[in-house]
Every structure is written in C-alpha cells, then in structure tokens.
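What follows is a pair of complexes built around chain A, which joins chain B in one and chain C in the other.
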Partner chain A sequence: MNWTAVLEFARGPFFKVALLVFIAGMAYRIARIIMLGWKKDRVPPRGSKVEGAAISFLKGILIWPFIPWVKDTFKRNPIIYIAGGLFHLGLFVVLILGTAHMLVWKSLLGFGWATLPLPIVDWLAAVAIVAMIVLFIHRLTNPVMRLISGWPEWLNLLFVFLPMVTGYMMTHHLFFRYEVLFSLHMLSVNVMLIWIPISRISHFVFYFFSKAIHGADFGKRSVSP
Partner chain B sequence: MAEDSIYSELKKEGMSRRGFLKFCGLVAGAMSFTMLPPIEGLTDVRGVQSPVKHGTIEMVAKALQTKQRLPVIWMEFQDCAGCTEALTRSKSPTLVDLVLNKITVEYHETLTAAAGFQTEEAKLAAMQKYAGQYILVVEGSVTDLDDGIYCTIGGKSSMELLREAAAGAAAIVATGNCAAFGGLPRAKPNPTGALGVYEVIKDKPVVNIPGCPAIPEVFTSVLAQFLVFGTLPELDALHRPKNFYGTAIHDRCLRRPFYDAGKFALSFDDEGAKKGYCLYKLGCKGPTTYNSCATLKWSGGLSFPIQSGHPCLGCSEPNFWDGGGFYQGQSAPISKPTGTVAAAAVAAGVAIAAGVGMANVAQKKAAHSADKEEEE
Partner chain C sequence: MKTISNIAMNTFVKETGGYVAAQLEACTRCGMCADACHFYVATGNPEYAPVWKIDLLKRAYEQRFTLSGKVKLALGVDKPVTDEDIQKFSKIVYEACTMCNKCSMVCPMGLQLGPLIHEVRTSMSNAGVVPDDLMKAVNKQVEEGSPLGVTDDVYDDRIEWVADEWEVDIPVDVKGADTLVVFSSIEVMKFPENIAAIAKILNTAGEKWTLSTAGREVVNFGFYEGSEERTKMFMQRIFDAAKELGVKKIVVTECGHAYDALRWTSYNMMEVPAGIEITHIVGLIGEYVRSGKIKLKAGAFDNGVITFHDACKIQRRGGHIKEPREILKILAPNSFKEMSPSKEQAICCGGGGGVIAIKEADPVRYAAFELKIDQMKAVGADAVVMSCSNCRLQFTDCVQHFNLDVKVKGLSQMVADALEER
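Take a look at the complex of A and B:
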C-alpha cells in the first residue's frame, strides 16, 4: 500500500471536504439553536441577565476548576470530574499550544502564536489519553452511565480517541512508519470533523450557549415561566 | 572488451595489491555491512559463519578478482543531468571511478564523446552484446502523452527508448526523483504526463534511488552490490533500498534534540536560526522523508541541507513538489478551503437551518389550526 498517496489524500482533498462539512454542519446547528429564540420574560427581571451570564462564565472557567471540591458534582463523582477536567485541559493544550497544531491553525487563519515545548505538550497529551481511558472504563462499568449510553456515545469516544492515540504514536514514532501514522491521524481527524456537527461533541460550542442561558436565568432573579 | 577481470584491468593501470584491497574496503563500506546476507563458505577468524567486516572485504576482493566488468547503459529523459553532475562531483573519487570507468558505462548522453546517430548505434550494439547482463540506469521521467512528443532522442520517444533498453536489462536503476517518481516534470499540472520508471516497467527489477539529486554514494553502493554479489538490495514499498531509505531524516537529524526540546527557528535570520534550532516551523519535511542525507551527508560527509540551515524539501518522496509549500509547516494541510468557500459553507448551513426552521414553524401552525378546527 502506498501510504504517501494515502497521506496526500488525507491531508489534501479529504481534509478539505471534512473541514467544509464541519463548517457547514456547525453553521447549521448554531443557526438552528439561535432560531429557537429566548424565553419571554413574563415577569420583569430584578437583576441583570448579562451580569448573570458573565458571572456564570467567570465562575465556570476561573473559579470552579481550581476549587472543585466545594461542588456537589465533584463530591458525588470525583473521578469523572478530575478525569473529565484533565482530558479537556490536555486536549486544549495539545490543540492550541502544540507546535504542529499551531501550524495547522496558522495555515488556516493566517497567523500563528508562541507554543509550549514538546515535553510539556507531550505529557499533557498522555494525561488526556489516560483520562479518556478512565472515562471509558467509567462509562463501561457504571450502571447509570451504561443505561444512558447509546451507540453515538461510544462512537464519540472512539472518534476522539483515535486522533489522540495516533497523534501520540506519531510524535513518538511508535510501531509504524511516520507517514502511516500521519495518514491514520489525518484520516481519523477528518472522520471526527465530519462526526462533530451530528454528535454531542458539538458541545464545544453549545457549552457557551447553555452557560449563557443558565447564567442569565440566575441573573434575572425573578420567577421563570 | 571486458574479457579481463576487474582486478587484472586495475593492475594493468598500475594499481598495487595494497591499493586494490583498500579499494575493496571502500566498496564494501559503501554497501553498509549490516545489510549483507550471510555468505556461503565465508568464515571469520573464529571459524564462525558470519558476514563480518573483514570477510566482506575478502568477498569484494574475490569478486573483483574473478568478475568481469559490469556494463551500464545510462539513459536520460526529462531530466536536468543533476544526478550525473552530483555523481561526477562526488567526494568519493574512487567510487565514481569504479562506476564510470571500471564498471563500463557503455552509453551516457552527458558523458559520451561521440554524438548523434553514432552514439545511438553504439548503444544498440552494446545492448545486443550484453543482452540480459547490463544495468540500465535511467535519469529523468518518461512520457507517453501525445505520442511521446515531449521527449524524443534520435526520433524515438522516451517511452519507446525505455522499453527497448529495459527489454535486455538485468536490472534497472532509476536515479533521482524524476526517474523514480516523475519529479519536477510531474508537478501539477504535469503538462507532459510524466511517469516514473517503475510505473512503466513491471517485468524487470527496478531500484529507485530518489533524491534531487540522488546521493552519489547510494547509487554507487547499489551498483557495487550488484557487481560483487549479483544481487539487488532489499527494497521498500516504493522500490527504494531499505539500507539507505529505512529511516526518516528527522530520526537521524543533528537538529533533532532541539525538536524534542521544543526549540525552533521561526525565521531564517532570527536568534533560533543562529543557534541552530530545529527548522520544523520553517517547513522542514524531515519527519516524512526517508533518505540517508542526515547520516551520509553530502560532499564527503561535510554537510547536508538541514545542517546548513535549510529545511528539508522532501525530495526523495513522490510528488514532493505538490506536497504543500516548502516553507509551510509540515503539519499544515495540503489543500484547504478558501475564505470564500468557507463562507459559502457557512451560508449553506444557515440557509438549510432557516429552511428547516421555517418548515417546522409552518408544520406547527398547520397542526395548531387543525387542532382548533377539531375543537370547533
């Protein structure tokens, strides 16, 4: 098998198509959500909705992650909280502060930025992979999680896991030749890009919607209809 | 000619026994010992059967003493003669001497003294005389588009000439990226329909020695192995000798520690570049390029592009001209949607969403009025 040709396809036309599907799909999803509209205030709000949303974001990003033990969600299931947190941290650092990924952003956006040294990124990638395995085992063993997991949930795990593992193997030159791993990495990334808009991985956008809506609800301090 | 053994010819030219053995060591060295197969009847000092260093030299000496010269026919098609230039300017003169004089180049367009139809006749005569024995070296890509009019020699198209010469060849060596994979002539939009030799010739062993140009020592080694052992090196999926194309340049690069430490040159004249940091961010293709530049280097082990401060272009890989920008990061996609196309995708997504949304509203209204009617 000619892996150079596979790589060219995966980095070339397939990536282009996958990215366009991703962009169009996410535009569709976002437009659909926006078109749902806001709930009407049937009672005049006593507080500021904007302030509520802002506080909600600040708490969620700047405070809770650093003192998670005060939260009930943490107390009830610390493993999922820690593993989930580390997974997201690792993912963001690798995707945004990893040199190779920054160069992808640079080619797409036209500008780049400073990145972290490889060993740091590498350890966080390993942490994210381990966290993902922990989350997988949790989903597999916890009866409630089993009950609420359909095939899309398992596919979510698979489609995120594959790019991460192939990327890690690629940087460490494990088992296969570099262009083979590069091809597998790009193929799995492309599949994930197509999968994101039709799956719950789209929460990377909708997280901000729900956070804003809940924050506004907290902020207006009045009876909700 | 070529009735005498190589050694007797060398002796006639005044080479001493000592000089000959040194020469044998050089040839053996060029073939890289570790890749040699165990040799029948060859034992080391302990009487153990193994392809040890001194045994290999002995083997080479034995072969050169008994074997006749190896005829080579060198054809150039859509090329720049750069591989020939590299070979003739190689820092291993003895090896080049081996190839160009001792191995007997019967036909070579750049080096031949004769011209025109005389040369072509000499080539045909050599092809007949050494049928089934000669090595065909090809430099440059071949083309068959529009009846092959883009590359003709003596009125024959490159494809015709290649098939004609390949028919009687013992093996074919495609030197340089053009002969191996199509190279520069094949860059988009490939106006001449250029092809690599191994895509055309399927019934003969084809060894690819890609590079722009091919590393002279690699070329010489392949020929030396064929001369001494009568075998060709083990090849990878792209027909490249595994002993020279087995590892990526990145894995043997002298700047690799800087890659691992995350220290990169960000432009060609910044502090990082002066300190010799990794060139990955400047578009180095080392991680996906298989060749031995980083170990053999060029000009007698003096330097190679990455050492002298230029990122690897990936010249020993297929389609390297179209494999993304030379100075674009290696991880960057080869093709990406333009701003307009991306905006069109967004517009399409929003338009479909609006359509679906309105359809839903209409459906709801219809259902609502139907309910009302029922109530009435």
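Take a look at the complex of A and C:
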C-alpha cells in the first residue's frame, strides 16, 4: 500500500472536505437552534441575569471542573469527576498549545502563537488518554451510564479516542512507520470532524447556550448559579 | 390518531422552542445528574436519573426536529415513542421527581433539568396519564377551590376559629388593603398555628393586609400536574381576588410550589395584574426585621441544636436564602447550625412536586427522606426549621414514620413566638 499517497489524500482533499462538513454542519445546527424561537422572559427579576451568567461561566470553566468538593455531590464519585475535567484540559491544551497543532491552525488562520514545551503537552495528552479510558470503563459499568448509552455514545468515545491515540503514537514513533501513523491520525481526525455535527460531541457549542440559560435563571432569582 | 403517545409527542413539539432545544442539544449524557437526585441516591434505581426523566422529551425533539433523529428513526435504530413508554415514564416523572432542580446545580452543562421535567409532565397531563391520586386532588381544586376540600364555608369557619383560638385579628375580604395574603390549604387544615403566627407578625408590623375568600388557596395542583390550563386557572383566582380588593402586593405563605408558579412562572403564562408585587412571606419577614418594623427577642430559641431545611422552591428556586439565616442568627445565635450541603445546594425533602399526594410514591418518598435524616444526624439537630409547609408535611410525616427525636418547626411560628411587644 502506498502510504504516502494515503497521507496526501488524508491531509489534503479529505481534510478540506471534512473541515467543510464540520463548519457547515455546526453552522446549520446553531442557526436552527437560534431560529426555533425564544420567548421573551417577562418575569420581574430579583437579581442580575448577566451577573448570574458570568458567574456561571467562571465557575464552569475555571473553578469546578477540577475541584469536586466545591459541589458536595461529587464526594460520592470524585474519580469520574476529575477524569472528565482532566480529559477536557488535556484535549484543549494539546489542540491549542501543542506546537504541531498550532502550525495547523497557523496554516488555516494565517497567524500562530507561542506554544508549550513538548514534554508538558505530551504528559497532558497521556493524562487525557488515561482519563478517557477511565470514562469508558465508567460508561461500561455504571448502571445509569448503561441505561443512557446507545451506539452514538460509544461511537463518540471511539471517534475521539482514535485521533488521540494515533497522535500520541505519532509523537513517540510507536509500532508503525511515521507515514502510516500520520495517515491514520489524519483519517481519524477527518472521521471525527464529520461525526461532530451529527453527534453530541457538538456540546462544546451548545455549552454556551445552556450555561448562559442556567446562569440567567439563577441570577434573576439572586441565587448563586 | 389520538393515542396518548401522539398527544404527548405533539405537546413536546409545541413546547419545544430555543430554550428547550438548546438545552437538549447541550446534554452530553454524562450521567452526573444521577448523583444529585435524592430519589436515585436513595434507591439506586437508574431510571430515576434526571437525564433519563427527560429521555422522552429528547426523543421527541430528535425525531421531530433533527435530521439525525429522523434518519435514526427511518433506519430503525430509534423506535417511535409508544403508549407504553408514556405510561412508564408517567410513574417516573410524577412519583420520583420533586422538580427540586438540584440536578441543574451539578450538571456540567448547566441544564435546567427541573423545568425540562416539568415539560415532560405537561405532555403527560395533556395525554391524560397522571397518577390517580394527584388527578383527584387537581379535580378537587377545580371543583371546590382547594385540593384539601377547603370550600368557602370551611375556610370562613376555620379562619374564624383560628382568630378566636389564638386571639388574633385576621382581616378577611377587606377592600383597599395593601397586601393580599394567600395561605395554602395545608396550613389551613394541618398547621393552623401558622396562620395565627403570620397574622400576629403582620399585625405587629402594622401591615394593612387581608385574606380573600375567593382567592383563598395558594396551592397549585395544576402546576404539580403540569397542566398549563389548570395552572393558569388557579392563579387567575388569586389575581382576580387581588384586583377585586385593589391590593398592591400578593404574599405567598409557606408553600414552595405556589411561589414558583406565581412569582417565577405566571408572568410568562398569563396576564398578571399591573402594579402588583408578588413576594414570599419569608422575604417579607426578612424585610420587617431588617427595617426594624418588628423586633425579635435575641436568643429566644437558643437551646439544643437548631438547623434549617432549605425548600427547593423558596430557597434554591425562590432566592430567599439569606432571610431565614438572618432571622435564625437572631433567634438562635449559638444553636443554629447549617446542614451540609445547604442553601442553593440543599437536598430536597422528597415530598414536594406533588409526590406526597401520591400514595404509590410512599416508598420512594420515605427512602429519599433518609438522606435528610443523615444530614440532621450529622449536625446533631434537636429541631429543624423550614419555610415551606409542604416540606413541613413531609418532615412531620417522616419524623413519625421513622420515629425520630427531632422537632419540626415553621419559621414564621418561631418569629411570632419571639416578637417583642411594641
């Protein structure tokens, strides 16, 4: 098999198509939600909705993904909670502050930025992969998770796991030739990009809707979200 | 076809706007909400996970609105919602959910699961799949004006008796009063001392207040049921009475769900008479204490350990978190101890949302209360105070059921007992 040709295809035309599907698909989904109609809230507030939303985002992004005891509930299940936080941290650091990925962004956007040293990014990538395995085992064994997991949930895990593992193997030149790993990495990235708009991985966009709703609903009652 | 699944599905579709859809899209199915639900924690039944309670809403949304949902349906991966599904979920959303919205506090995406489950109840109500006990109470409120059978005559007798028994002035149907106070029939029938207490506080503060015979019931069983029509009907009675009497303020007494309906929901459902403020008795008492309209004997209840139970609809969803604490710090500066978790993170009593009215829900209701027992034991509480008579009904019943050595108190009553003479 000619891996060089596969790689050229995977990082060339296929990547462009996948990226286009991703962008168009997400744009469609956001537009549809916005156009479904939003009733005006006529309830006289006791507190500030904007303040509530701001606190809601601050807590959601900075504070509580990593500190389970802030919310007493997670004393029961701290490992899963921390795994979820670390997975997202690892994912975003690798995607944005990893040098190789920054260069991809640069080629797409036209500008780049400073990145973190490889060992740090590498460790976080490993942490994210381990966290994902923990989350997978949790989904497999917890009765609630089994009840609410259909095949899309399993595919979500698979389609995010593959790019992460192939990327990690690529950095460490494990098991296969570089072109092979690079090809597999790009192919799996492309599959994931196409999968995102038709799956719940798209939550990274709707997060901003639901968190704002949450913050506003609590803020208007002057309750800390 | 007019099958119940069809009616339910159509209701879901009607109710789905951006608010509902954006939240359903945001759900990652991470399952974290399960650990926040007292019914799940108490029983371990995975079907009580909040995310599962909105599963029908999610399927309806996917199948009717989204491309992937339609494809899944066509491929047979997802099945159409059946009548059996609706029947099964009716039990889950009415018997094992108080819509306390604690789950929204732990949802990483911030979904307002309580209100979403309320949407599920709305479709159940339209399809006519509501537990019998709850529906009987709703019908009683439609016909007699109160789920506990407090008719005009019963009400008048009862109020007259309270006024005599506790020697307190209770104005009824006074035109031109500033404030209309609306009690719940739980207070009228089961905690009459609460009426006397609140009357005493209002009189001491010099409030120009009145009760209304026509608008005598603050409890809203239509809201429990999820029926938009009946929720509005019951609130309309109060608004009509308020207009008739020309008041400027409506005070909801110790009933949580009623407060959620009147204060936080009515404006988006119907025409609320202009110039009328809606507030809760705890908010009003808090205001009196802050402004000095009433003075409380400091340390009046300072013995043993007193703790406060936050009601989901008055504290977490009502916002009156500070007032009870300010009051308790005056009444019991040394005895007052917080349970953990408390305030907006508090664990629900397990009896709200109509659950206590459904006999078949008794086992899960008692099971959920065991979490409260653990919390009270952890602080060594001799007494527990609350500002919701529905919670109080649950506490009183459960203290008896579990044979606990804990006194159950209403906050207004403690305030009334500690009033300094003016």
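Just so we're on the same page, the second predicted complex is superposed on the first by the 212 of 225 C-alpha atoms of A that agree within 3 Å, B and C clash if a C-alpha of one lies under 4 Å from a C-alpha of the other, contacts with A are read in each partner's own complex, and residues count from 1 in each chain.
We adopt the following convention: contacts are C-beta pairs under 8 Å (C-beta built on N, C-alpha and C of every residue); 3 or more make two chains touch, one makes a residue touch a chain.
Just so we're clear, the structure is a prediction, and the values are computed from it rather than from any experiment.
A.B. asks: If chain A is used to align the two complexes, do chain B and chain C fit next to each other or clash?
C.D. replies: On the superposed model, which is not a single observed complex, chain B and chain C fit side by side.
A.B. asks: May I ask for the angle at the C-alpha centre of chain A between those of chain B and chain C, rounded to a multiple of 10 degrees?
C.D. replies: With chain A as the vertex, the angle is 170 degrees.
A.B. asks: Once the structures are superposed on A, label A:F175 by its partner contacts, choosing first (chain B), second (chain C), both or neither.
C.D. replies: After superposing on A, A:F175 lies clear of both chain B and chain C.
A.B. asks: In the overlaid three-chain picture, which partner chain does A:R11 touch, first (chain B) or second (chain C), both, or neither?
C.D. replies: Touch partner of A:R11: chain B, not chain C.
A.B. asks: Tell me which partner touches more residues of chain A in the superposed arrangement, chain B or chain C.
C.D. replies: Of chain B and chain C, more residues of chain A lie in contact with C.
A.B. asks: Is A:F111 touching anything from chain B or chain C once the two structures are fitted on A? First, second, both or neither.
C.D. replies: The answer is neither, since A:F111 touches no partner chain.
A.B. asks: Quick check for you: in the superposed arrangement, does A:H203 touch first (chain B), second (chain C), both or neither?
C.D. replies: Second partner only.
A.B. asks: Once both structures are aligned on chain A, how many angstrom separate the closest C-alpha atoms of chain B and chain C?
C.D. replies: Shortest inter-chain C-alpha distance (chain B to chain C): 7 Å.
A.B. asks: Touching chain B and also chain C: which chain A residues?
C.D. replies: 29, 32
A.B. asks: Would you tell me which residues of chain A are touching chain C in their complex?
C.D. replies: Within the complex, chain A touches chain C at residues 29, 32-34, 36-39, 41-44, 46-47, 56, 60, 65, 71-74, 76-77, 80-81, 84, 142-151, 153, 198-200, 202-203, 206-207, 209-211, 213-215, 217-218, 221-225.
A.B. asks: Help me check something: in the complex, which residues belonging to chain C touch chain A?
C.D. replies: For this pair, the touching residues of chain C are 16-19, 21-23, 25-32, 34-36, 40-41, 44, 46-47, 49, 51-52, 55, 65, 67-68, 77, 104-112, 115, 263-265, 267-268, 315-319, 321, 340-341, 344-345.
A.B. asks: For chain A, which residues are in contact with chain B within the complex?
C.D. replies: Against chain B, the touching part of chain A is residues 1-5, 7-8, 11-13, 15-16, 19-20, 23-32, 35, 99-101, 103-104, 106-108, 115-121, 173, 177-179, 182.
A.B. asks: Note which residues of chain B are touching chain A in the complex, please.
C.D. replies: Going by the criterion above, the answer is residues 237-238, 248, 250-251, 259-264, 280-281, 287-288, 317-319, 322-324, 328-337, 341-342, 345-350, 352-354, 356-357.
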